[in-house]
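Below, subunit A partners subunit B and then partners subunit C, in two separate complexes.
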Partner chain A sequence: MTSGRETSGTTPPDLWDPVVRISHWGLAAVVLLNAVLTKGGSLIHVWIGWVGLTLLALRLVWGLFGPAEARFSAFPPNPRAAIGHLRDLVARRPRPYRSHNPAGALMVYLLWALLAVVIGTGVAMTGTTPLGAVERQVAIESADWSTLDLGESDREGRKALEEVHEVAANLILFLVFLHVAGVLVEGRLMRRNLVRPMLTGDRRDTSTRKGRPV
Partner chain B sequence: MSGLSGNRRRAGRQTAALAAFLLVQSLAAVFFISDALTDLIEGFITPHLIIEGLVAVALAAGLVFGTVALRRTIEQMNAQAAALQAARGALAEVIEAQFADWGLTPAERDVAMLALKGLDVAEIASLRSAAQGTVRAQLSRVYTKAGVTGRAQFAAHFVEDLLAEGVPGQ
Partner chain C sequence: MTRNFAFATLAALVLPGAAMALPAVGDQLGTDAETVRTALADHGCPVTGFEAEDGMIEAQCTDTATNLPWEFYIDPKTGTVTNIKQED
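Let's turn to the complex of A and B:
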């Protein structure tokens, strides 16, 4: 009796929910700003990093308590399925998934993990509260180096943290490049716009014609 | 139908506003929790820290509650959209059955459906790349078979169905 039920369950949403969209574009902006525009260690760099931490935390909470297609259970990390999906793509027979496809899901988890590494090392270097960075800045400006003086072993540890911070950040940039390329290729092969659901959606509303008075 | 999609847009704006609020709340929570943790690491258990800790816990709890509330709102919206979809499907079935009952030809069905959707003769003609006279003739045959005098009565026939029996198909 009920037709038209096939809209839910087998295809990704026409429009991702606002939390997914905000965290996606927010984190994209954070990565872009801190990788390209701000100076490492500067106050603005640290604060943007804290915003990144917030966005990541919000998205992870959303992955536990959010709607079905945003929850981790909708896109479990599964490397074998990811390879299977890539093979489907090469064969030009990609299957639709209700959330991120397995390759995209793997990308998502990799990016989150690397973001956590970058943010974690950043916090380890600049203090466990955003105010710590402000205090440091004040100390530097008033030329009071006493609070900033590091011992020999501290300096070694800091070097290692810096190294990890930079390597992970560069990996993120590389993955972002792969991610954008993947979206473009898959969008072309599947003949569907994968970007619009992450922006404003509104695909279905334009297909129904406006009724008008008789 | 424009009213319903307008509703959806409004609901979309509402969830977007809720999500933005959730983001601000998370910023506050991250700030307070990190501050409280820092004090805790430094080991000063003071009344100040206790209050700060309480605020941090309250913010975290509020974040989870806000998350769940937003999830519910979004799920409700999706359920409404699905119900609307089902109702549309059911109405389409009712209309198809009625058309078959009246013995409309395939061309007449197309024209009748477009007329129900509110298109005028010129629009139907250009959609079907037919002459306006043809469409007008087809429409009048449809009205005759349906036993109605014109477009208003024709549309009312289906609206009346809906009003009398409620929305079928759930």
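Let's turn to the complex of A and C:
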């Protein structure tokens, strides 16, 4: 398996494509909103979770059919290469990669896997369509509760799902903290703004950056 | 006179509080939203929302006396309060 490292001196894009940027910031917003602002199990929490599922699915499809730097083949998971990249960083000799660097790539895959776990357990607890949560809420407001199936027959199973959901969500928050810290530290060591390409891009020095080790 | 005034003041402070005491675990509130809404309002805790959680119905309300939010977990089959939490 390759590390996605380029020997020809190419660098990550000065501006990531719109799907990568929208899915990146959209998923960041989903995590922030559902971890901090909304109440677990509430209708808004469930709907934001469905938005997260859509964004994650979009990004995964883009990993197969998107531009070269967005494809999985450009940043395969490779723990050994990730350690090597961190060593290079400590030695202040970072090398160029055409997409996410190996440490960033590992982080991306871990975050996607955990997001899939959080969303999957969320769907298992609240129903297989976003409308299922709405229908249940309407039933709670209008029907006799003794006639509703609220999952009380499998309370242990629901409890287990909830535990996994919460542990995975907390792991995501921890990884997000590491990710932000990594971006700040690496950006400082490389003297390069790593956030801008994920926001608006920087086309001012594209010509000079090409071929320069980053 | 002073003693009567003290009793009257004490009664004015304590009795409404006693009348508006929140339901306790084991109390029956009802098995539908409308009944529970009325029951909690009578206890001085108007309902702000209902949710399903862990097979229970969670009724959220705000105690008008203290302005504190509460969560009452109600068994949907029996209408009995099974747990009470101050809302987080």
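What we mean here is this: the second predicted complex is superposed on the first by the 185 of 214 C-alpha atoms of A that agree within 3 Å, B and C clash if a C-alpha of one lies under 4 Å from a C-alpha of the other, contacts with A are read in each partner's own complex, and residues count from 1 in each chain.
Note that in this section a contact is a pair of C-beta atoms (placed from the backbone, for glycine too) under 8 Å apart; a residue touches a chain by one contact, two chains touch by 3 or more.
As the structure is a prediction and not an experimental result, all values here were calculated from the model.
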### Message
Output check: A:R196 vs subunit B and subunit C. Expected answer is one of first, second, both, neither. What do you get?
### Response
neither
### Message
On the A-aligned overlay, A:S42 touches which partner chain: subunit B = first, subunit C = second, or both, or neither?
### Response
second
### Query
Now for A:P18: first (subunit B), second (subunit C), both, or neither, which partner does it touch?
first
### Query
subunit B or subunit C: which reaches more residues on subunit A?
B
### Message
Applying the document's definition of touch, where does A:K159 land relative to subunit B and subunit C: first, second, both, or neither?
### Response
second
### Task
With the two complexes superposed on chain A, say which partner A:R98 touches: subunit B (first), subunit C (second), both, or neither.
neither
### Summary
In their shared complex, subunit B is touched by residues of subunit A numbered 1-5, 7-8, 15, 17-19, 22, 26, 50-51, 53-55, 57-58, 61-62, 65-68, 127-132, 205, 208-214
### Message
Quick check: in the complex, which residue numbers of subunit A touch subunit C?
### Response
39, 41-42, 136-137, 140-146, 148, 150-153, 155, 158-159, 162
### Touching residues (chain side subunit B, partner subunit A) in the complex
1-2, 5, 8-9, 12, 15-16, 18-20, 22-23, 26-27, 29-31, 34-35, 37-38, 41, 63-64, 67-68, 70-71, 74-75, 78, 81-82, 85-86, 88-90, 92-93, 117-119, 151-152, 155, 168-170
### Query
In the complex formed with subunit A, which residues of subunit C make contact?
31-33, 50-57, 74, 76-79
